[in-house]
């Protein structure tokens, strides 16, 4: 497909979903997120050859939130390998309410690395693997892969998350009680909130994730993950990446994806490209309304799906 | 890939997994299944052009059990369309124990069509769509697509299932209480048990499923499902096809698959072929031990995965 | 306390709760119950010496529903003894939704004999103990103890329950799958629905239950249960008798009681008397609104509670 | 009953349960508890007239643990009244595993004040009612009612509980996330652990609880709780006082009781006396083995039960 094609496809997608921009409910559990303009919309595509295309506010940073879980998972696997899977599963979590019940029945082992409990374990593992610099290592990686040195934590968002972080503190203490957090709970939470607070644009995220479309090869050609390691992260994204809407996302979009309550959705089309959409209005399952519509439109126009 | 290649790959796979043949525990909840030779093993591949290859007992019939759910789902969607999804979800079920809790919390709507509760709803829907001939329609389809007129129900197995069917009766009455079964419970159960009892060989199953690799086109070139409809079934197989091991299967195998407690596993490689392995010894999650190993080996040798 | 006192107390209670008569929602899951006049109200007291007092419609029969569980439990214990407790627990069930989850986690053993699952096991046990005449034995006992030969099943109600009995059928099949129902599911259900359909008045019920206030001695002076056996039934009534409002009932009323969705509540004041109130309007937990108010008023006026 | 009788009854009880002394498993989740001699045994009775009787190590202090919940509940109700019940229920919790699931389904409102989550809310309430001195107020009350000025916190136990307190921290943060803890989590936990660490003897506990047998009247004749308030605490003890063995305890013992993992059980016989047994070996539900046997024996000998 030609460069011009990518740009045109994004424009077609943007045109098609224009009616859904602004729909849904902006996350308001912390003030910093609630303040975002609900009409925001951007979409970017980064191909495996380094090309990048975009429409709308595709270069405006937003709060990546849970999309950061994709990168911390990749870093933990790249540095520590498969032993992570002794501490966290890779099965879909079923339904939202059961995270705690599930933790209780399965002795403190979270179902997968994309529910909060699992991401806290990944952060804990990354803290151990990096000698305590889990957030720093993430930031370095994101800056290098996006080619944007201004990517940074949003300290206001991180502090606000901490102030409203009782649920994550509960999960952390609960797992610590089972011996499945080894660093101090406070440290794990601090790094976790910082990771969620990273501000990046659609362009930044699409570029930073291209290693997943290149089967583990970084932007500079160096290998970051094994071929099968990268495929496995894609598999986990497909089965667990969009909360309890993973089945619906696979059905409608048919591509590995990861969403965040900041309104971003990141998708991987293996061997071709990555795609990132942003629109802060969320559906009842916490996924961007316009983001879901855009992904749907994109796969209809291109006919691309992994199935 | 050449014909000769497929045959050689299957031989390599069979060679590699020889050590696991006979491992696991044969399903013994009904006598008819318990009597199967635990050392049985077969593998077959059917490509989209009509070629079929096999190794071991690839032409010996076995009890398809839950693999039949793939075909009843396809038939219900082909005949009734998307309205099925009002009665059954398409999200992974999380963990085994919660099927009943989930049904209770979600008002009798099963999570997906591959857990028993969901398959009972599909059978009920198919009964309504066919004027009461759900099993007959299935049998006709399987015979035509496999090109094998001797494919049939195993009446001993079906009767035995019915004798041990309290759990499925409980699920059916429970959903009927919510108004989510419209045909008489006894009729739904009778057809459901008959569908599970179908005896087919690896060759039969691989051939019968090629419409999923051909994006909805039947063996005779006629369209059975829309292109997106066939992809959607593949998506549901990937996220929900192997009970509570769906995440693990996606991670290790990276292909849509559906397993049965008779020891069969059916896999789709979109646009290329289908693959069916049989070995009756099951792991603790109810999937064939040698079948899982064979799929693993096949994807390693070919490098094929959807990710 | 003098005869005249009992009568006056009941009149005072009736006066005090007059404002709540008609409140609440009449059970309407079967037509026969929905047809009852919501303004109905009656109260009766039977003392351990054979005296009986009443106000309002205290001699009008209504559907006893779950109050029958008290009598089937007593009959199963009187005839079979403590072995019943291997098949059913005596712990409160916690909350309504978990009956099925609980059955699943605890291998088909219901929490207590007053939830439906437990009462089905009691009926199954009684069927075995009586050679298949569980309902007949119950009816004989109720007629003898109430001194009213016209006490009978209501065949319309029983048939209507059976027509709407999918939930109870689900529970029965579920337990049968665990081997915790030994008689055919259809037989157990038939007797269970018949028992629930018994029509009795407040006077009938109060009289029939006096053996619980007399520590196991029947109306004719013969021993029906051991002293400790009778106390134990009172204990189970207190901790489990009013669905998931047992704690609230113990807190507010402080006496062993059993309610039914027909609007009746039966209470035992050990060594003194029994009390039965009827008013068909139910609160959200399935207990008679006026019945709860009347019990509250009665204990306030008399100062009686077991605490 | 005469003084001499009480003493003889306790001796008979001690004689009868001698064979079970030392049975069960001493709590070992913190070192301070694990160090207790498993053969310890004591029993004390305090009557409503001020008499106190005992056998064995009835004057040796042990860790009261959850028995303290009875006193903090009484203090919170005495000072703040019924508004406490807006923040905590009074229904039995069903089964152990569901404390967190229940909290989640019921929006952070614990089922009752005797499960840990509920007791943390009571401590939080008491902190607010006392201007931050929840533990001090408890200690004063226990000293005055037991007449023993040496009753004190065990700082080693309290520190040890805090070191192993991840589960309670998880519960606290979880409820704080729902707005059902108003004081800082750390403060609530500190006071909670201190309250559990109180060391008292059987004699101390029996004396301190006599207000429950005197319907709310303190040792000095002053009113502490209303008559109905005291009865209501007894009711909550009966339905919720022995973890998930409350139904069994009511069935076997038939008296309001509260147990602790330090091996103590405190029982109230309304209008007569209180009874406290101590033996550190626990059954699988966390109740003292010899304590349960002693209570059983006591009620058999005396014939006392509330039913």
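We call the chains A, B, C and D, going by the order they appear; numbering starts again at 1 in every chain.
The criterion applied here is as follows: contacts are C-beta pairs under 8 Å (C-beta built on N, C-alpha and C of every residue); 3 or more make two chains touch, one makes a residue touch a chain.
None of these values were measured; they are calculated from a predicted model.
S.K.: Most remote chain relative to chain C, going by C-alpha centroids?
M.R.: Computed centres place A farthest from chain C.
S.K.: Using mean C-alpha positions as chain centres, tell me how far chain B is from chain D in Å, no decimals.
M.R.: 55
S.K.: On a C-alpha centroid basis, what's the spacing between chain C and chain D, in Å?
M.R.: Going by mean C-alpha positions, chain C sits 32 Å from chain D.
S.K.: Using Cα averages as centroids, what's the distance between chain B and chain C in whole Å?
M.R.: 48
S.K.: Touching two or more other chains, which residues of chain B qualify?
M.R.: 97-98, 105
S.K.: Which of line, ring, star, complete or other matches the graph of chains that touch?
M.R.: ring
S.K.: Going by the touch definition at the top, which pairs of chains touch each other?
M.R.: Those chain pairs satisfying the definition are A-B, A-D, B-C, C-D.
S.K.: Would you mind writing out the residues of chain A in touch with chain D in their complex?
M.R.: That would be residues 97-98, 100-101, 104-105, 166-167, 169-174, 176-177, 185 of chain A.
S.K.: Which positions of chain B touch chain A when the two form their complex?
M.R.: Counting only chain B, the residues touching chain A are 89-95, 97-98, 102, 105-106, 111-112, 230-232, 234-236, 238-240, 244-248, 250-251, 254, 256, 270, 305-307.
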